[in-house]
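Per-chain residue numbering starts at 1, and chain names A, B, C, D, E and F are given in the order in which the chains are listed.
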Amino acid sequence: MRPSGRELDEMRAVSIETNVTKHAEGSCMIKMGDTHVLCTATVENRVPPFIKGSGLGWVTAEYGMLPRSTTSRMRREATAGKQGGRTVEIQRLIGRSLRAGVDRVAMGERQITVDCDVIQADGGTRCASITGGWVALKLAVNKLIKAGDIVSDPLVSPVSAISCGIYAGQPVLDLDYPEDSEAGVDGNFIMLANGQMIEVQMSAEGSTYSRDQMNLLIDLAEKGVSELSAMQLAATA
Amino acid sequence: MRPSGRELDEMRAVSIETNVTKHAEGSCMIKMGDTHVLCTATVENRVPPFIKGSGLGWVTAEYGMLPRSTTSRMRREATAGKQGGRTVEIQRLIGRSLRAGVDRVAMGERQITVDCDVIQADGGTRCASITGGWVALKLAVNKLIKAGDIVSDPLVSPVSAISCGIYAGQPVLDLDYPEDSEAGVDGNFIMLANGQMIEVQMSAEGSTYSRDQMNLLIDLAEKGVSELSAMQLAATA
Amino acid sequence: MRPSGRELDEMRAVSIETNVTKHAEGSCMIKMGDTHVLCTATVENRVPPFIKGSGLGWVTAEYGMLPRSTTSRMRREATAGKQGGRTVEIQRLIGRSLRAGVDRVAMGERQITVDCDVIQADGGTRCASITGGWVALKLAVNKLIKAGDIVSDPLVSPVSAISCGIYAGQPVLDLDYPEDSEAGVDGNFIMLANGQMIEVQMSAEGSTYSRDQMNLLIDLAEKGVSELSAMQLAATA
Amino acid sequence: MRPSGRELDEMRAVSIETNVTKHAEGSCMIKMGDTHVLCTATVENRVPPFIKGSGLGWVTAEYGMLPRSTTSRMRREATAGKQGGRTVEIQRLIGRSLRAGVDRVAMGERQITVDCDVIQADGGTRCASITGGWVALKLAVNKLIKAGDIVSDPLVSPVSAISCGIYAGQPVLDLDYPEDSEAGVDGNFIMLANGQMIEVQMSAEGSTYSRDQMNLLIDLAEKGVSELSAMQLAATA
Amino acid sequence: MRPSGRELDEMRAVSIETNVTKHAEGSCMIKMGDTHVLCTATVENRVPPFIKGSGLGWVTAEYGMLPRSTTSRMRREATAGKQGGRTVEIQRLIGRSLRAGVDRVAMGERQITVDCDVIQADGGTRCASITGGWVALKLAVNKLIKAGDIVSDPLVSPVSAISCGIYAGQPVLDLDYPEDSEAGVDGNFIMLANGQMIEVQMSAEGSTYSRDQMNLLIDLAEKGVSELSAMQLAATA
Amino acid sequence: MRPSGRELDEMRAVSIETNVTKHAEGSCMIKMGDTHVLCTATVENRVPPFIKGSGLGWVTAEYGMLPRSTTSRMRREATAGKQGGRTVEIQRLIGRSLRAGVDRVAMGERQITVDCDVIQADGGTRCASITGGWVALKLAVNKLIKAGDIVSDPLVSPVSAISCGIYAGQPVLDLDYPEDSEAGVDGNFIMLANGQMIEVQMSAEGSTYSRDQMNLLIDLAEKGVSELSAMQLAATA
C-alpha cells in the first residue's frame, strides 16, 4: 500500500500550464502532485565558444530550488557561494537529456537555456524539470518557427522523464517524497515517446537490485513516459 | 501621461493570494501589476548568536530573482558565486523594515525568515517584497498565536512599502519598469498604516530634487500606503 | 545632553588636509572628530563597457575599513573572501552621490575611482567619505583642467553629506559613535551646496518617526551641509 | 574493429598493486590499460554529524585528476577555486557505490575516506576508482579486523565497476579514451560479484538506445565484473 | 650612483610616530622615505585552537596595501575575493619574524594581532612592516605590563628588518622602488639588535649571486639593523 | 645522532625515474627517502600577457599534495576552495628558482608549466620539487631541441635545492620530517651546479641563529647540491 493510496503503476495527477511568465520565450508550470516546477526557455543568438561557427545549436539547463520549497528551509545557494553537488548533477542531467531530443542542425546556431526552478517540492523534481523543460523548450521553438527563424522543427519527439523505485518491496511508478525517502532502490528514466532511451540512472544505497527488478522498473517507466508524452504534445500543440 | 495610462496618483492593480505553498508557515503571492513576488515565512526556534538568551525575537529576510523574471535573462546568483550588491541591499532593507513593525518581546525568542522571490519583474520588486513579506510574516505569526506559542500579537500594524518618483517632470505613484528606468528621482517609502515612517530612501542620479518635490512624493506615498495596508489586513484577517 | 557636550545642531570639528599621498591624482584626509578617512582619486582613460564610445565620463567609488579602525578588531574583508553587505551598500552610495554632482559630458570619456579608506572610525564614516571623496575628486579634476585635458569644469557644486538622528528624544546633527549606536532614528543626507537633495536615507529599526520629525532632521542637515560645502570649496580652491 | 585491437568483450590489461604509500591505512595503484589511479583509504574515528551516536559507520570518497594526467593540461581545481561539476558527480558516485557494499553496523561508528587520484587518464577513470577504491577500503578494513577494532567483516563482496558502450555500432566492454570520445551511448555499471546491481548509468547525447541494446551492454558488464571481482579478491586476500 | 643620491650603505630617512590611532592597544606610523606603513597591535584573550590551554602566547600578523598606495591603482583584495600570493607570503613572514623575538611563556596565553597597512609604497614595505610592527607590538605589551597583566617583558630585543640588494653591480642598503624594480638580486634580512638572525631571504630571478656577494649584503644589513633597533628602542622607551 | 642514523652531512637515498607518464612532454618521479614527488612539464605555445610579443619564454610552476600524502589526511585544496598560503609560497619559489636557470631568449616565446605533486611526504617536498622539476623541464626542452623548435639549449646548468637545518644543536643536511618538525632553524638553498646561489631562505621560529651557523649550513648545502646536480645530469643525459 502506497502512502498516497495510489496503484503501483499510477502516476500522480499531472498538469502543465503554459505561458505563465510574460518575459520568457517559452514557459510552463508543471505540477506532478505537490511537486511544482516553473520552467522557462530563453533564446539567445550566441552559442558557447566550442561550437561557434559550427552552425549547430545548443540547449543547456539550470536548476534551482526556492529556499522554502522543501519541508524545512534550505540555505539559498547564492548565499552559500556556490551550487551544491546535487544541483550541478541535476542540471547537467536536464541539459544532456533535452539535447538528446534535439536536431542541432535544424535548430541553427543559437542557444536555448532552460531554467527549472522548484516552487514546491514533494519528490521527483528532476523528472518534472525534464518533462516541463521540454514543454518550455518546444514553445520557444514554436515561436522561432512561426517567426521563420527556424524552418524545420528540431524537436521530433517529446523528452519525458519519470522516476520508479522499489518501495516496501514492490516496484512503484512516480515516487513522491515519503516514498523516495524510504525506497532502497530509486531510478530515473528519460525516454522519447517511442520508448527509445536517453538516460537510465538506477541507484541503490545500502542495498542492491537484481536484473529482473530492473526490468520491472523499466516496464513501469515505459507506461509513465507514454502518458507524459501525450500530455506534453497536448500542451504544445 | 504615464506609459500605462494610469493617473499620477494611481497604483497598479494589486492582488495578494495567501497560503500558496504547502510547506511554509506563512506564504503569499503578491502581484503589483506585472510584478509578481512569492513570499514565504519560515519559523525556527533558534535565534542568531547575538540575541541568544535575550528572550527577544528576530525577523530576517532574503531576496532573489528567478533568472528569467526579467526582460533578458539574468545570471543566476548561485552560479556567480555570490549575491550581488543590489540583492544584499534589498534584503537588508526588507529585514530592517519588517523588524520595525515587530514587538520583539511579544514575539518571543524565535526567528522568522521571510524569503521574497521574484517570479516576474516589472519595477518595484523591493516594495512588493516588503508588503507581501509582511503578509507572510503575519500569517506565520497567526499560526503561532493559534497554537498558543505566542500570547500577544507582536505585529501591531501592517508594514507597507511603495515607490514614488519624478517621471517626465511629474510626481507619480508606484513606478513600473518603463517609468523606473526613465525617472530622474526615485524613492521608496516604508510606513506603518498610520503614516509613521520606517524608512525613506530617495535618490537621484545625475540630477537633484528640491525639498518641495520631496514633500509631494511623500504625499503620494501616504496615499499608496493607506490603500496597501487595508489590503494587507484583509488578506490576513 | 549629548555625550560629547555638543549643541544639538553642532557638528564635530572638521578638518580636510589635501594632497596627502604622492601617487594619487587627488587625495585628502578628512577628519570629522575622531572619524578619519583617507580619500584618493585615480584617473584612468578607460571607462566601463556600458558607456564605451559614449563620450561620457564615469565616477565610481570603493570603501574599506582598516581592521583596527574600530573599537574591537574587525576581520579583514580580503581574508573573509568578499566585501560585506554594509561595505557594498556604502560604496554604491558614495559612487551614486558623487555622480549626481558631475556633468558627465564635460568630464569626457574617462573614469575616476574614488577610494575611501577609514583609518579611524567614530561614527559617520559614509558621510565623511562622500564629503572627503568629493574633495579628492575635485583635486583630480583640477589637475585635468590645468593640463588642458578638460576644458569646462564638470563639478559645479560640492557634494556634501551629513548624518542626523533622533538621540535621547531630540534631533541632533552629526552623530558620533556613542550617539549612533543608541539612536532610534538615523538619517544620511547628501546635498549640493544650495540645498538641492541628492539622496535621503532615513531609517528606524524597532521604532518609527513622524513626518514632522523628518522635517526637523532635514533642517539640521541643511545647516551641516552649508558648513561642509564651504570647507570643501576652501580646500580645493 | 576497436582502435586497440581488442575483442568486443575484452577488457584492457588490469593490474592492482597494493600498499603503495606508507601513510594510508589502505592503498593501491590500479591500472586499467593506460588509466592509472592511486586509491588510498583513511580511517578516522569521527563520523559526520548526521549519524553521530548511531553506531553506524560511514564511507565517503573524493576524486581528483593531476593537471597533466590528461592529453592537454587541465587547470588545477584548487586554483579554479572549486571542484567542477564532473568531479563532484564522480566522487558522489564512488562514495554511494562503496557504501552499497558495506554493512554499516558491522563497520562500527567510524569513517573511512577513499581518495581516488588519477595519475594518468585514458578513459574509464570513475570505474577504475570504484574498483581500486574498494581494494583500498578492504585493506584498511582488514587492518581494523586484525587489530580487533572490527569483529565481523563489513565487506561481504567486492564492489566492481566497468564501462560499456556502443562504439561504431557495436557493444563494447571497457571503453578507452579514443572509444569513449566517439561512443554515442556510454554506460557505467557498478555491481557486486554475484551480479546484483548497485548503480547503472547509461546516457546518450544527441542519440538514443533501445532496450535490447541496453541488455547487450549489461551482458558485457556482467562479464567484466566477474573478472574484476576475482582480481579484487586476489589483491586483498 | 643611486637614483636617490644616497651612499651605498645609507638608509632612507626613517621616522616612527607612535600612538597614531585611538582604538589599538599599540600603534605607529613608520616612514622609510616615501614608504609609509600604519601598524596596529590588537590584544585578545583568546588564542588559536592549537595552543589552547598551553599557557603560551601567540603573535600573528596581517598585511594589506591601500588600492592607491602604489603608482597605478591596484585592485582591492576584498573585491578580488582573496588575498594574493604576495600578500600571504608577506604576512606569514611578518608573523614568523615577530614571534622569533617573543618569549611566549612570559607573554601568557593571549594573542596579539599586528596589522600592517601600507598607506604609501616606495619599496621595502615588508621590512618597514616588521620594524614598525615590532614597535606596535612593544607598545601593546608595555600597556599589559603597566596593567600588571604581564610580569616579565616577553620582548627582549627589537626585531628589525632591512632589504639589501645588488643594484647596478653594487651592493646597496635599503632599496627604494626604482632600485628594487631593477635589482638582479634582492634580499630581506630580519635580525635582533645583536645581529642574531631570524630570517634571511635572498633571491635572484634570471640571475645568480656568489657567496661573497651574499656576505657583502649581510654586512650592509647588520649596519641597517643596528640603526633601526636604536630607533625602535627610542620610540618605545 | 639523527633519527635515521644518517651522518650529519649525508643526504637520504635519492632516485630519479624519468618519463613516468605518457602525456607530459617531460616527467619524472623523484624520491628523496620517503618523500616522493611526481613532476611533469607541459609545453604550450602561448605566454602570459605581460611578455606577449617579447620573444622571451616563461617557466611557471604549480605544487600540490595528495590528501593522504601526509601522516594524517589533509583537506583537499579543491574542496577548501583555494590554495593555502604555504602552497602558494612553495609554487612561487619553484617557478622563480627554475626561471633563474633559464636563458629566456634561447627558450623562445613559449611557456613551460612544471607541476609538482607530492605523492608521499616525509619532509623536504619543496626542495625535491625544484630538483625534480628541473629534470622534467630539461626533458621537455630536450624534446623541443630534438624537434628543432629550440636551437640553443636554454638550460645551462641544473637547478638543485636542498634543505639544511640545526637539529639537536648540530647542523644537518637534508632534513626528514622527524628532524624538520623539531629543528629550531631551517633553511632551503637553491643553487646552480657551480655553487652560484639562486635563493636562500633561512628561518627561525622562536629562536635565532648566528652568522657562523649560517655559514656551516651553506657548506652543507654546497655538498648536497653538488651530489644532486650530478644525478640530474645523469637522468637527463
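Keep this in mind: contacts are C-beta pairs under 8 Å (C-beta built on N, C-alpha and C of every residue); 3 or more make two chains touch, one makes a residue touch a chain.
Protein names from UniProt, one per chain: A, B, C, D, E, F = Ribonuclease PH.
Note that this is a predicted model, so its numbers are computed, not measured.
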| item | value |
| --- | --- |
| Between chain D and chain E, the fewest steps along chains that touch one another | 2 |
| Superposition rotation for chain C onto chain F, Cα-based, multiple of 5° | 120 |
| Fraction-based call for chain E against chain C, same above half, different below | same |
| Intercentroid distance (Cα basis), chain F paired with chain E, Å | 28 |
| Between chain B and chain A, distance of the C-alpha-averaged centres to the nearest whole Å | 33 |
| Euclidean distance of C-alpha centroids - chain A vs chain E, Å | 59 |
| For chain F, residues contacting two or more additional chains | 82 |
| Cyclic ordering of chains (reference chain C, direction chain E) | C, E, F, D, A, B |
| Contact set on chain F toward chain D in their complex | 21-24, 27, 34, 38, 40, 42, 44, 62, 64, 66-73, 76-83, 87, 113, 115, 117, 119-120 |
| Chain C residues touching chain B - in the complex, by the definition given at the top | 82, 85, 88-89, 92, 96, 99-100, 102, 104, 191-192, 195-211, 214, 218 |
